[in-house]
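This report refers to the structure that appears directly beneath it.
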Amino acid sequence: MLTIKDLKASVEEKQILNGLNFEVKPGEVHAIMGPNGSGKSTLASVLAGREEYEVTGGEVIFNGEDLLEMSPEDRARAGVFLAFQYPVEIPGVSNANFLKTAVNEVRKSKGLEALDSKQFLKIMQEKMKLVEMDKAMTQRSVNEGFSGGEKKRNEIFQMAMLEPSLAILDETDSGLDIDALRIVANGVNALRDGKRSFIVITHYQRLLDYIVPDFVHVLYKGRIVKSGTKELALELEEKGYDWIKEEVDATLNA
Amino acid sequence: MSTLQETKNKILTSTVFENWVNASPRVNAFADTIKDAAQAFTAQGIPTTKHEEWKYTNVTKLATTDFQISANNNTLKKVDVKEMKVTADAVIVVLENGVFNKEASSLEALPKGIHIGSIHDMLDNAAVKKHFLQHADYKTEPFVALNTATFSDAVCIIADANVEMETPIHLMMVNTCDELSAYIPVRILVVADKNASIHVVETFESFSHTNSIFVNAVSEVVLAENAKVNYVKMQDDPGNTTHINYHRVAMARDSYQHLTTLSLGRGLIRNNLNIRLGDVNGTAYLNGLTVARSKQTVDHHTAVDHAMPHCYSSELYKNLIDDQAQGVFNGKIFVRKDAQKTNAFQSNKNLLLSDDATMNAKPQLEIFADDVKCSHGATTGQLDDESLFYLRARGIGEDAARALLNHAFAAEVMEGIAHEGVKEKMLELLNEKLK
Amino acid sequence: MSDDLKILDDVANSEYKWGFVSNIESDNAPKGLNEDIVRFISAKKNEPEWLLEYRLKAFRHWQTMTEPVWPNVTYPKVDFQDIIYYSAPKPKVQLDSLDDLDPEIKATFDKLGISLEEQKRLANVAVDAVIDSVSVKTTFRETLLEKGIIFSSFSEAVHEHPELVKKYLGSVVPYTDNFYAALNAAVFSDGSFCYIPKGVRCPMELSTYFRINSAGTGQFERTLIIADEGSYVSYLEGCTAPMRDENQLHAAVVEIVSHAEAQVKYSTVQNWYPGDKDGKGGIFNFVTKRGICLGYKSKISWTQVETGSAVTWKYPSVILKGDNSVGEFYSVAVTNNMQQADTGTKMIHIGKNTSSTIISKGISGGRSHNSYRGLVKINKSADNARNFSQCDSLLLGDQCGAHTFPYLEVSNKTAKVEHEATTSKVGEDQIFYCNQRGISTEDAVGLIVNGYCKEVFNQLPMEFAVEAQKLLAISLEGSVG
């Protein structure tokens, strides 16, 4: 589904990704961990097409298409969803209106008819249950005045509405208390259907207790330096990153 | 009775003026500017309330009063001003009726790289040559024009590159005139060269009990790259004084200026502050406080001009208006086309303390760049009943409670004063005023 | 960002859609202005002597005045002798019913999206349509009359209800008020008149559509609305004009009188031709709108969506004279290309416990300039007066300007006056967020801008709000998005 080959990217002239290789097959959940500044959020931003990030080498193939050639909205329409680390506030635009516009744009690109208000409302009500969201939240302006937990829940709710084939969760767990974390994780798990793939970027192993990954990768200095299964995450939790850093730096210096 | 227009002509031809021009041939460097300014004043005249910038502040009386330039300039001795010092260690620079009084000043222990003196003694200084009379705009400001055409002395403070001086420089403006109606032009130049850092305090006080005094002060402050100037203006003129003050700051890249204006005097006060952020990454703070009583008008006009990108400005003005007094605040923020990434904020809060008090506020944003963050807020009201009640419920008498709340309201402005000693002295003065 | 540039480019290329000229025969006065023209207009309308006298007094006063220069706008000087002050569509027959309306006029209104027939049948909106200053048709009159509501052209009101017109004309905006108000008082040709009797709640929206059609003309209509004690009316005003290379002058006067416990809601969607992208042509919109809350608990609410005109100079105001009276001003002003707008409001608090709210949203694109100018005046008598003002500016390019000039004059210590203003641009992060959800940049800007204006759109009657949103989209077409 997603193949990343030798991806290099920089922001403000500073090289962050240094030849990253990575493959995601349908239905897989990949966790990406790594110390601060290793390039985790850069990877998410590059995949979603944020303009400040300049791709300086490599390729990203998504379902047979060159993802890097596509505009951010076309990537979204093709099924790439990014749950933002810092969801953006849009004053005066209700969540419902925002999502209806988005859902119908995505449908249009697939040649489907736009949903009318009634159909949309019905789907929305179903999906709201997934993240235990109450109705009032859909009438509030997008993310405006939302607490940290509400914002993250809203991201997962949007994901449920847009039904992407690949969801990238960029530190969706950071700043959440354990209840909110559980809600968010339940939402994600409900959307695991064996076909939809996830890239879960996180700092903390505890998220992976709730969202159990198929693979865990460690990102350091802009490339994946270690891959394993969920046990790797536990090991990292216990031992920190220093041992990996030492290993990598030793190889680099050798 | 002669008008100020005539007075000005009289002043221009008076011996005071001519003596000064003739005193030093080197002053010829400025002769053209002075002549030009005289013409500019004639063209503009004294503004009336039809002039948008003078809508709320009526100064037309100035045009019909027979002002004389004061003749006593050297009556004060060190001992006379000792009590007025802003801090015990401050460098004291006395301007008596606008004229430098060396006798009363204490400039003996100036650090290396700090130069202070009368313009007459500093004409050879390169910074003086470059900046004197060059920044305040007399073409559009009638009182700058009048000042430029009529000043007889000026004080220059020059801080050389890399000099950092923690001790405050106290510019003490003292009036001792005994003319029935006295006109006092005051002229200041402050230059902080690259990386220099200084504290300046201006105070305006008076020992004079004449009929009326017209103080017309112009300060020009120039900051070179990365220079830092902390400036306090404390205006405590008595009720017989009309005080018009123009303060211009020209800022180079990475420079920082903090300006606090405390208008605590009893006469008509009008401040025109004009800050130009002329290059990138400048930071400007403007704080102001008014305590107005009786029938006085206190008017603050500020203009912050963002000409280049990545600059920051913040303004906080508070007005306490009592009796039949009138407070005026006009705060302009300009963000020019090139000034992207500007952050400019302004806050104006006013308390009306009596039934007859008036506050006229006109915050004003003019934005020509698109990637900016600007905001202003203005509120006018009275003391919060709930807070008052809370204090009284804790056993504090109503008057004391009011004084406490007024003080708390005003103190926020003082908080910004960087020099602890100066801040302490200013708070002390404020306490007296609020009693 | 290249997207932004593209957007701006697209905006600049979007075109005015109401720029057609209708081929209607009209009856014009000769160009220029003098006492004879004033008499000509008055005679044409068969006016009583007192009204002619009023016009002449206004004209004589106007001659002593000079054009105001304080607004933050620049435009070529108007040659007041080069304007046709009276232009009326020639009626082919006496109008007895809608069917007798000149088919061209009917077609014009159809093009504007105002089908008089449709309106009558479906929307339950009474319409007074004014072309080139003359009222051509008022619908629903009979239904309204049953309730005692008078809704007619100004000229008809002069003949049918002279006592009301005489009593209220110039009572809120005297001809001495300002240059354009004086000019209007001298030469106004028609307009709408509306009277809601005591205790009556007007059962439908009243609406006036203004259209400048003829070349070389100015439009000087006059609207007078009187809401008697305890009544309620919601009034809508819409305007368009053909595309012409010349500038045309629109100098209207609107007066509203709201008696005790009466409420008047006045909504405007102003879409006069703004000129082309280089600033050629377009309407000069110099309008005086003012209401007075005369009695206890009177209320006047202005809502405006301004997207048109080359130059706008307009400050719908409320004099809060009655105790506990309420004034509101909600405004969205969009300027694009070379447009200039200097608009805002005045809230004059005189009565006790009066309150006013000002919400102003400016949006500037292209090389336009958008200024908010507002006065909040709390008189000494206005105990416990309250005002809240919020003025936000949104910038859509780096060649436009946004300016705010609030004047806050407070002479009563029990007053509470709060003013907030912000200036910002559409955030790149907001656009990217929308993009990531599959929404194109153009739609995203539309969404964000509409969200930004929501507080004002919420104040508009339903059908008008939809129209306003469409208008906003078209005004910023392509651009934003």
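In this document, chain identifiers A, B and C correspond to the written order of the chains, with residue numbering beginning at 1 in each.
In this section, a residue touches a chain if its C-beta (ideal position, glycine included) is under 8 Å from a C-beta of that chain, and two chains touch if they have at least 3 such contacts.
Fair warning: this is a prediction, and the values are worked out from it, not measured in the lab.
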Discussion item. Show me the overlap between the contact partners of chain A and those of chain C.
Written reply: none
Discussion item. Let me check something: if the centre of a chain is the mean of its CA atoms, which chain is farthest from chain A?
Written reply: B
Worksheet item: How many Å are there between the centre of chain A and the centre of chain C, using C-alpha atoms for each centre?
Response: 49
Practice prompt. Give, as an integer number of Å, the spacing between the C-alpha centres of chain B and chain A.
Written response: 56
Worksheet item: Distance-wise, how many Å sit between the C-alpha centres of chain B and chain C, to the nearest whole number?
Response: 45
Worksheet entry | Partner chain C, residues of chain A touching it in the complex | 48-51, 71-73, 75-77, 81-82, 84, 87-93, 97-99, 101-102, 105-106, 109, 141, 158, 162
Item to complete: Over in the complex, which chain C residues touch chain A? Could you list them?
Response: 1, 427-430, 432-441, 443, 447-448, 450-455
Response to the item:
In their shared complex, chain B is touched by residues of chain C numbered 70, 378, 380, 393, 395-425
Worksheet item: Can you name the residues of chain B that touch chain C in the complex?
Response: 52, 337, 340, 350, 352-382
